[in-house]
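Consider the two complexes below, in which subunit A is the common component and subunit B and subunit C are the respective partners.
Right, the complex of A and B next:
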């Protein structure tokens, strides 16, 4: 029988791998950052799911909330870096930025 | 609780953190602040030495509970003597820096790093266990690399700093492995407990040999012994004050100090003693002949340090750690003097090339007297400090193995010869350059004068055992005395004839003989150690790099995905209990 927990776990794992796949192929830094966030969401979901039905659900939920919070800050910093990169290089394609390098 | 033994290294360490603040509020005061901190450290170590009564280990608090490590200091004759010596030299070098570094940029960085350097060395000297020792050992290495590369706008300086860091880390890695092996075997790293377990069931035979060899390799890296000596000649890219610090007071003494500190461990195995002796003899001779050929004043002194450190290893290999300790102190004194005098010369002439100097005796009288005292002490003229410590080693050699004794006499001939060669080329003869040269400022001459006096009189303090009692300096036997005086005279005469009386004949000889030219080129190249390492690097490391570059392509997305996948793989492995 498929429980809610299984669905969450499978979805979370899928999200992680989808995120990694799109990180490896994206040609735009903003998309790369978004893909990283997909990975983080996948991890959060897995963490949340693994706490379901456990004795100490509050703990896993707390960790998920903490992770979301940290994820938001990371997102903000990442966006700031991307803005700086765009100002300096005029492009967001990592391959082009690599070619422009010294 | 003797507070001084803690404060003497904690004061310079905190001083290093305060230097940027001082520099920010009052820029001119930076140097004087560093001098004040070093003076405080010297006073504390002197206080510790004068109140020293019995050897003990003092614990302050638990530092790393899971490793069974306490914050502790070792108080015995050795650590007390060396701490006073390090603090004394550091203070003089800092005073010299006031004049020498005047007008340079980045002085806050300079003084901060020097204080950190000195504090780490003092912490290393006082450390009561291997973990604490290793912590400061790494800090000393880091500070020396950063100070060598102090003039970081120069390519050569950056490369020299990096080279020092990499080469000494071969030794550091070896020492770290030794610490881990020791901890696994004994569950403790305190010097007292480790030395007490030597020969016991957990530390004998192969285990003892392994640990001993690893520690010796560690000491070879720090103390610039062949074949890990290649960083020291290049380290001359740093300011002369830094060279003086590295060669006399801090860095290179750390390796010898480690071996002295753990000496019972080496004494337990004849093989380890032979290894120490062999490494020492090799370095003493390689350093000496290289110093004879070098055309850079500071490189002469650098090779001389390698040679003198080799003598300390020889003393250790012969079982005389007292002679090694005294030679460490005496080498520190006369090498600091030589480097400060060389710094004064370089500051005045603007060159390090021996061929572009000459005739400075008349214009730089005080510097000349200082350098002369250093050369005489290095060659072993009685009653200068170098005579007592070097002849103690030679006596130990003749008492044990007379072949080693004669090898040391031969090295003494070369030592006197390269010392006088540098002296003659810099200070005697005709001036080689047109620009007017003047004696350096008082802040630079005063430390040179103090050191020159201490090189002459320091044996009184050591010999009388009034200061710290670790063993006496005996007057060498008549045979030893005659042989080493003969070596001094022969070496000095050879240099006098070759470079002062008949320099043109020497030049002709060098030009005519193909063998001599080839020999000189080989020596100028440092006997090809650098070429060997470059070859190994090109074949080994670069090959590996080209292999890994096929996986790590440098494309952002691919590399990031690789990192994430590896993380997941590791998590699965750890969760599955496979690692």
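Right, the complex of A and C next:
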């Protein structure tokens, strides 16, 4: 029997894998950060689904809140790094940056 | 059975918007799709009786992080600013879908309770009012977010001199 909890667990895992795959093939640092955001969405959904239908709903809610705040903080720092990299190298392509570094 | 169909629909919307965001060629299109993805996830949390997590999620990712991403995209000049009528139609279609989702949330939550608060404390009355009307609050929030995204698209569609 497929329940909504199963559907969300599978979707969350799928989002994590899609995000990781996109991080590895991305040619733009902004897209890489967006892929990281999709990974965070997947983690949040999985944590949320793990608390569905059980007695530990408050615990999963606490973990989701923590994950949201950590994810947003990491994104903010990542965006600051992107701006710094763009100022120094003038491009956001990781291959180009590697070539310019020599 | 209805719960499973709703969950499957939300999951499909989530995966489709995420794949569209990561697969789009233009960064501005990715940003719009990512915005919708975060709103769909917020609506999912809210529909499953977790309004607080849903609102925090939407305020953080659809609000703050989207604006940060937009700022960086504009600062680095990575966006291809030509956005045609087809994309604006896509955004409007997304807004319609979100409003329908929020309406479903309103219906499943049973609508607002109209009983007045018995407390004399004004802060408790205000809190009770907000809590009773939270489905409508969500609807208003989604409309505000969606209209801000339409405004962003409109700003991006202006060509640079």
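The working rule: the second predicted complex is superposed on the first by the 101 of 102 C-alpha atoms of A that agree within 3 Å, B and C clash if a C-alpha of one lies under 4 Å from a C-alpha of the other, contacts with A are read in each partner's own complex, and residues count from 1 in each chain.
The working rule: a residue touches a chain if its C-beta (ideal position, glycine included) is under 8 Å from a C-beta of that chain, and two chains touch if they have at least 3 such contacts.
Remember, predicted model here, so these are calculated numbers, not experimental data.
Overlay on subunit A: subunit B and subunit C fit together in the combined arrangement. A simple residue count on subunit A separates subunit B from subunit C, and the partner touching more is C. Contacts of A:94 after superposition: subunit B is touched, whereas subunit C is not reached.
When the shared chain is aligned, subunit B comes close enough to touch A:24, but subunit C does not. In the superposed model, A:16 makes contact with subunit B only, not with subunit C.
Legend: residue contacts after superposition of the two complexes on their common chain; A:32 is shown touching subunit B, with no touch to subunit C.
In the superposition on chain A, no contact is made by A:59 with either subunit B or subunit C. Remark: in the superposition on chain A the angle formed at subunit A by the CA centres of subunit B and subunit C amounts to 150 degrees, rounded in steps of 10. Within the superposed three-chain model, A:79 lies in touch with subunit C and out of touch with subunit B [touch as defined at top].
Of all Cα pairs linking subunit B with subunit C in the superposition, the shortest spans 14 Å.
Across the two superposed structures, the residue set of subunit A contacted by subunit B and also by subunit C is 26.
By the touch rule above, subunit A contacts subunit C in their complex via residues 2-4, 7-8, 10-11, 14-15, 18-19, 22, 26, 28, 30-31, 33-35, 37-38, 41, 44-45, 48, 52, 61, 64-65, 68-69, 71-72, 75-76, 79, 82-83, 86, 92. Put simply, subunit B touches subunit A in their complex at residues 554-558, 560-561, 564-565, 568. The touching residues of subunit A, when paired with subunit B in their complex, are 16, 20-21, 23-26, 32, 36, 39, 94-95, 98. If you check the complex, the residues on subunit C that touch subunit A are 3-4, 6-8, 11, 14-15, 18-19, 21-22, 27, 30-31, 34, 37-38, 41, 44-45, 48, 50, 52-53, 56-57, 60-61, 64-65, 68-69, 71-73, 75-76, 78.
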